[in-house]
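Quick notes on the structure that follows.
Here the chain labels run A, B, C and D in written order, and each chain numbers its own residues starting at 1.
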Amino acid sequence: MTTIPDHAHTADPVANAAPRGYAGHKDDQLSRLHKVEGQVRGITRMVGEDRYCIDILTQISAVTHALQEVALGLLDDHVRHCVHDAVRADEAEGDAKFDEVTLALRRTLRL
Amino acid sequence: MTTIPDHAHTADPVANAAPRGYAGHKDDQLSRLHKVEGQVRGITRMVGEDRYCIDILTQISAVTHALQEVALGLLDDHVRHCVHDAVRADEAEGDAKFDEVTLALRRTLRL
Amino acid sequence: MTTIPDHAHTADPVANAAPRGYAGHKDDQLSRLHKVEGQVRGITRMVGEDRYCIDILTQISAVTHALQEVALGLLDDHVRHCVHDAVRADEAEGDAKFDEVTLALRRTLRL
Amino acid sequence: MTTIPDHAHTADPVANAAPRGYAGHKDDQLSRLHKVEGQVRGITRMVGEDRYCIDILTQISAVTHALQEVALGLLDDHVRHCVHDAVRADEAEGDAKFDEVTLALRRTLRL
């Protein structure tokens, strides 16, 4: 689906060290995601142990909320960096990025 | 939060064999959740490898969708069994179950 | 939480003419919906006047939130009355009501 | 996807009188919103007439879906025009626009 492997082809070592927009927040995102992994394992365990449904639903709400926070953080970094750079570089490239963002939002909002 | 009085502790072997409403669909739910665990690890890896944001957002949408399917399945089984039994047993107990379900939906819908 | 005044038990013909579960909260729901109507007209006017997009988005969020509150209130009353009565009357009828509720939630959650 | 080039660059006074990004899609959005107004009035009427809850829930889902389509359309136009222009004009102004968009998405996603 993605065909944008390589905007990191510059020889600039700084750009290569932090190629994606979200790199600056990467540690935060990774620690959130590690927490989500633990929460999902917890949900699997609760189902395996026949725990009370309503308590499992509460955990699922917490996980989907955490994942949407991660998604919003990624999207925010994406528009500030990838979209921003595309817009400043070239109209057509900017338009393509806007199309991608709208499509991603459409999926996120289930539209 | 829940104070459900351990109805799995009964000596009734039938109750112990399938104590929660979702027990009948338990294998399906467990295999969905195992798949979600793998997907979340995949998302963590994608962030760690600086993969393209939009592709990560697509994966997050897939996971939140799968988790909401699990939640809807649990809720469906819950009302068909726990709520159903409470309603047939006792008005006050039924009302308490309805309160719980509405609160769980409120959390799920972020209201 | 619910204080529904036994609408199905009275001999009052007006109450009997309004058999739906939400009848007890009908005035609240109607006043919420009248407010929503005004908000939607406000959104139409804002678009017509080329108002700032972000402000319009804020209004749309408020309206969808209000509508989901109405939906949750209707659903809560529905399960406490229609589903409740069906469950106490007949297993097959109860099952049909549970199917309906799950399907309605599926649409609400866009699953 | 977008076919609204250069709306701010023309000397056409009508175009200049409609400076917002969504102006090009304004008629579509207005006709969607007029339809939503009618649907909300229909929902109010259904509640007033004690119509079946599940049918009302179906209508509410349709309206929230339509409103989110309007919101996504407004947001798409907003980033293609207001945010785009701000980014090309000035870094600080671009950053302020990105902040606004993220906050609007946060409200839309209920985060």
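Side notes on the structure shown:
Keep this in mind: a residue touches a chain if its C-beta (ideal position, glycine included) is under 8 Å from a C-beta of that chain, and two chains touch if they have at least 3 such contacts.
Treat the numbers as computed from the prediction; the structure is a model and nothing was measured.
Counting every residue number used by either copy at the subunit C-subunit D contact, over half are found in both chains.
For A-B, the equivalent interface among the listed pairs A-D, C-D or B-C is C-D, as over half of the contact pairs agree by residue number. With chains reduced to the mean position of their C-alpha atoms, the one farthest from subunit C is A. In terms of their C-alpha centroids, the spacing between subunit A and subunit D amounts to 24 Å.
Centre-to-centre separation between subunit A and subunit C, using Cα means, comes to 34 Å.
Residue positions of subunit A with contacts to 2 or more other chains are 65, 68, 75, 101, 108, 110. Contact residues on subunit C toward subunit B in their complex (touch as defined above): 1-2, 65, 68-69, 72, 75-76, 79-80, 83-84, 87-88, 94-95, 98, 101-102, 105-106, 108-109, 111. Subunit C makes touch with subunit D in their complex at residues 17-23, 26, 29-30, 33-34, 36-37, 40-41, 43-44, 47-48, 50-54, 56-58, 60-61, 63-65, 67-68, 70-71, 74-75, 77-78, 82, 100-101, 104, 107-108, 110.
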